[in-house]
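Below are two complexes that have chain A in common, paired first with chain B and then with chain C.
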Partner chain A sequence: MPLTRRALIGSATAAAAALSGRPARAQAPVLKIGVLTDLSGPYKDIGGPLSADCARLAAADFGAAAKGLNVQFVSADHQNKPDVGAGIARQWFDRDGVDVILDVPNSGVSLAVSGVAKEKNKIFLVSNAASSDLTGKACNPNTIHWTYDTWMLAHGTGAALVRSGGTTWYFITADYAFGHALQRDTTQFVNAAGGKVLGATKYPFPGTNDFSSFLLQAQASGAKVVGFANAGADTVNSIKQAKEFGIKQTLAGLLVFISDVHGMGLPVAQGLVLSATFYWDLNDRTRAFSERLRAKVPSVRAGMGHAGNYSSTLHYLKVAAEMGAAQAKASGAATVARMKAMPTDDDAFGKGSVREDGRALHPCYLFQVKTPDESKKPWDYYKLLATIPADEAFRPLKDGGCPLVKS
Partner chain B sequence: MVTIFGKPLILLYGQLTLGLINGAFYALLSLGLAVIFGLLNIINFTHGALFMLGAFTTWALLNYAGIGYWPSLILAPIIIGALGLVIERVLIKRIAGLDHLYGLLLTFGLSLIIEGLMRNRFGSSGVPYEIPSVLQGATNLGFMVLPRYRAWVVVAAVVMCFFTWLLIEKTRLGATLRAATENAPLVQAFGVNVPRLVTLTYGGGVALAAFAGVLAAPMNSVNPNMGSNLIVVVFAVVVIGGMGSILGSILTGFGLGIIEGLTKVYYPEGSATVIFVVMALVLLLRPAGLFGRAT
Partner chain C sequence: MFAFTRAQAIAFAVMVALILVAPTVLYPVFLMKVLCFALFACAFNLLIGYVGLLSFGHAAFFGMGSYIAAWTAKNWGLSSELAILAGGGVGAILGVVTGWLAIRRQGIYFAMITLALSQMVYFFCVEASFTGGEDGIQQVPRSPLFGVIPMQSDMSLYWLVAVVFLAGFLLIHRIIHSPFGQVLKAIRENEPRATSLGYRTDTYKLVAFVLSAALAGVAGATKSQVFGIATLTDVHWSMSGEVVLMTLLGGIGTVFGPVLGALVFGSLETYLAQFGDWVTVTQGAIFVACVLAFRRGLIGELAGRLGLTL
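And then the complex of A and B:
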């Protein structure tokens, strides 16, 4: 058929009619979950498409369809720009009927989206942003912060290193909300444990490839520990280059994901100490979860951010099934309040709870990256050093300054 | 201890050396851009993506064919250079003679496609590549610890820049090339196959980008975004040096590496911006760039 304008318009109209004519299931309102993530930038591997896969797996594991819930998923790329992310969130809430936004790596974007969720009275389950402000001064009744935060990372890795003799620190920090929060929180622990911060360099983010200059400044400072308050490719580059320059100080990756370790390779990453709330090979339940995910996405292992999307979606669906879909859609704040009332339990994080300020609580694990000899199979990267119980792993409720918490 | 503006001199020596190393990359990449712009009049935005492909080719040669770093130093530029020939023949040739904007859009779009495909295949955290064993370790220079690999990078880049300059300025082939830049129809009238010259020049410029990619593989994270971060800076270098000026882009590359290095000591937050400040100043005072000729 020759492609004419008329034929084109005709078929487009037909397609539109076919789409809009699809019968809606009147009995079950659609629960629409939007995975807002980095699909094209530096955080694609800590969030990205695998975050959406994990959320879908949660719906499948829960048996949402069998329980009468009609769950749909959409995803979008926020390009690591808060204005783009907030714009998509508005469009999703206002026009596309999205009830829940998930994931959102990048603290800057998350803080923006959190505000939109509150304004529209919808739900925001943050899995992949780090800033502890999300449950601190910027907390709101519509947001739950699931997987990790800067306080937990600083407390896990920072405090552990000070205890083992790393009393003086120098920070190399990504110059934006996340890096600042991570440095601030870690500094607090270093000082509290009797250590001292000797200096810090804030480097431009994004756009820095070469960290050698900052590494030399860190070396010249004479600090025992060099703390990297950054993430993703920046962490990989910093640590790779630190090894190259023969930096003898202890390297502390304050936020290291398993995908980063995979990207560095064990010869570079070995010996790193890091904090995480999930590791695929931690126990039988995490392995079972990972194998179910592997059946759908064979090439990679989920990191803690991905697992957080699984866990938070599952918890949301449990609450929605209990409330009924129509009720769950009615008010984001009311649904979040129910999510806080119900204890959490899933294969990825085990048993836990969600606190008044929106902080999800579960144990935090201190891992060390294995040497190439210790690693016996693909993705066999971590050995467990210590477990910090759920009630100690996160910032005490009273210290967060969250306005929701009545003192 | 001797200090300059509150920073120990010894630290500054180290930073100057690092600036020189980064400058080597800027010089290599901007050199390829300058060569391409000089002859094709194309602002090659694909350069960063091809640099990244050079690094990935190095990785692929090792992991799929067992070919190590040293052969890759030759093979990867040849492979990516050949890809460049195809790109020129199939795409860029068709927009020859049109406004700069078309070339810019074409090459920019192409780089988005290449980077998108690589990101789909390899993700964003990249793949590991180790420093070749003979270059592992570092030498203590007294004022800083210089990794052997970085020293090698500077040497390799300087040698490569020198030979490219020699080829273009001092050989018969280079003379023909420069003549074709000035007046292509006339050179063609003398029996030189100008379209072929253009294709080969593009391939050569691209091979330089791939060469820089091989050099970068062991020291940076080999990931699909590695080129896009660098390319904007490299464009600034080319503009400051004077579009199309070979010597200009080499000298400016090293010079800006050093300026950036010093900024990282005194005001690290501004280290990504300083090059553009310099660019704005240069454009205000010398619109054709430091080494460019006004047209």
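And then the complex of A and C:
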């Protein structure tokens, strides 16, 4: 057969169409989820590898593959440097086709990633950062804040503890913006609930290891509650030293995770009062969730930040399945808008919703750490003191100053 | 005018060619970060490599430059070149204060004074309201160059960063090879002798210190334009340590060494990010290997083998 130019072009086009057409039919668009967390630093225990495990569990529980969603995960360590975090986020969005970034402990890194997500019109589901600015003056249409924030922690511990009899307070505060904010917010709730703040002492941050003089002042104040407006290793150190001094007052940690309690051990941590939105042994659903996670990661239990990653990933996948993967990838803001419209429901947090400023709403619980005698099994640490319903647990919409909220 | 040796001219041409070609292969934001760190390391090298002063407080100049550029760009809407100059200016002012105190001592005492002063700057940044504490200054707009040329796209910003870096690099090269630079090297080799020859060595050291601090400020300011943030990371003492590591890795007292050091260091930080702990472990291992096996650094070793000055 003589090969004419037309025949050649025709067959080449047909071959090209056949080659390009086949993979397009076989593959649904990939939904890529990036878990950006602290894998090497102080927040490794509240985020770290378990965050990615929880996100994967959400995809498995949802049955993403059976529903035709092709979900992939990547993870990276932001090293607690906002520039590294923002750099990875940019590269993920620009080059690696990531649609959603999860977790991101450390408020500085989170605020940076939130800005990048908005610029690139992708999605940021933050679960492990404390700053309530993420749904306040720094809110944007591409970010949803899950799990907790400073307002909720201060409110939960402050107001609920006053109601259960802790009417006079003394603060030991880390002398930087985060510590000041926690003290200021908690003071406001203590006063509003009819309690009284007798005094406060600020210690230099970072670098304070000896809390004795601050603890003695707290003891001398005669306040019923000593509030620790600090986080991480400082909280652990100050509570340990409070025990060593034999301080009998109620100790209230304003930002304490179950991994901190696990690290301190019950003999030290017993009696400590704290707020959280998730505890693995809270009800049948959280226990079921924890059992499924335990099959994958036997040694540790999820903290609230981890559970937040599970919950947010599950909610995202539900919306993506409803919209179709291609639609869900097209515009981050549009997908987030759908996520706000759909009520949330999962084993970790139960039924909830996402507000227009990007705040995910779920109940908040006031817990007290058990004594070693009360604890019957591994990780049996908390007993429930009070439940704050979802509509009261978080900052009222109008007070946040989020530009997305039309008054 | 720049008094390049033949080998240096070739190396410079290769470097410029790589800067031109690299963004087609590698991610531009990553390259911009490397260029900012390279300028920072070159500025640091001006002091350690050519005056023999080990400053352990360069994070203060880098970080303050970054904060000032971010703050002025965000609140006053300064165009990018003015924001970068403002960052450099603040670096220079801080350099005058720090240098005036620190150059009175040598060796470990010099390092400790610079470290102490930079820690004071760090705690100032933790407390001051304009820095935003541990949240930092966030969402700084990429302001247009000269107020007119938009800088939104990564590529246009890349060329600006490349120009800033090359200008800083050539300035440092020019300083080193000027009569002023010769005096600096004389001070490095034997300060009493330089004094006996009639040079006011303190003045020379102070000027070198201020130049180094100003360029570090420019590097920090440029970085804040790239990422749109300025945070405590940049003023933390570990940043002072990282710049020592970059310079040491590339080769102290070589013109090109710090650039290569910054590239290697930045690549580790970025491409090992998915492996968690391995970033710090690898950095430490490289530092140990460098000190034990090739003390002159990558470029220093290469130049030594080839008998060249790079």
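The rule is short, and it goes like this: the second predicted complex is superposed on the first by the 314 of 407 C-alpha atoms of A that agree within 3 Å, B and C clash if a C-alpha of one lies under 4 Å from a C-alpha of the other, contacts with A are read in each partner's own complex, and residues count from 1 in each chain.
In the analysis below, a residue touches a chain if its C-beta (ideal position, glycine included) is under 8 Å from a C-beta of that chain, and two chains touch if they have at least 3 such contacts.
None of the values given here were measured: they were computed from a predicted structure.
Trainee: For A:60 in the superposed arrangement: first (chain B), second (chain C), both or neither?
Mentor: A:60 sits against neither chain B nor chain C.
Trainee: Look at the residues of chain A and decide whether chain B or chain C touches more of them.
Mentor: The partner with more contacted residues on chain A is B.
Trainee: Looking at A:90, would you say it contacts chain B, chain C, both, or neither? Reply first, second, both or neither.
Mentor: The answer is second: A:90 touches chain C but not chain B.
Trainee: Figure out whether A:175 sits in contact with chain B (first) or chain C (second), or with both, or with neither.
Mentor: A:175 contacts both chain B and chain C.
Trainee: So in the superposed three-chain picture, is A:201 touching just chain B, just chain C, both, or none of them (first/second/both/neither)?
Mentor: It touches chain B, and chain C stays clear.
Trainee: Who does A:288 touch here: chain B (first), chain C (second), both, or neither?
Mentor: neither
Trainee: Looking at A:341 after the superposition, I want to know if it touches chain B, chain C, both of them or none. Which is it: first, second, both, neither?
Mentor: In the superposition, A:341 contacts neither chain B nor chain C.
Trainee: Quick check for you: in the superposed arrangement, does A:216 touch first (chain B), second (chain C), both or neither?
Mentor: In the superposed model, A:216 contacts chain B only, not chain C.
Trainee: Looking at A:326 after the superposition, I want to know if it touches chain B, chain C, both of them or none. Which is it: first, second, both, neither?
Mentor: neither
Trainee: Considering only the touch criterion stated at the top, classify A:384 as touching first (chain B), second (chain C), both, or neither.
Mentor: Touch status of A:384: no partner.
Trainee: Indicate the residue numbers of chain A shared between its chain B interface and its chain C interface, in ascending order.
Mentor: Residues 40, 175, 204 of chain A touch both chain B and chain C.
Trainee: Which of the residues in chain C come into contact with chain A in the complex?
Mentor: So the residues of chain C in touch with chain A come to 27, 29-30, 33, 123, 126-127, 132-136, 138-139, 154, 223, 227-229, 231-234, 269-270, 273-277, 279-280.
Trainee: Which of the residues in chain B come into contact with chain A in the complex?
Mentor: Contact set of chain B toward chain A: 8, 10-11, 14-15, 18-19, 21-22, 116, 119, 123-128, 130-131, 137-138, 144-145, 147, 149-150, 219-221, 223, 225-226, 229-230, 232, 261, 264-265, 268-273.
Trainee: Going by the contact rule at the top, pick out the chain A residues touching chain B in the complex.
Mentor: Checking each residue of chain A against chain B gives 38, 40-46, 48, 175, 201-204, 206-210, 212-214, 216-217, 219-220, 232-233, 236-237, 240-241, 244-246, 257, 259-260, 262-265, 267-268, 300.
Trainee: Which positions of chain A touch chain C when the two form their complex?
Mentor: These residues of chain A touch chain C: 39-40, 49, 74-84, 86-88, 90-91, 94-95, 107-108, 111-112, 115, 131, 133, 138, 175-178, 204-205.
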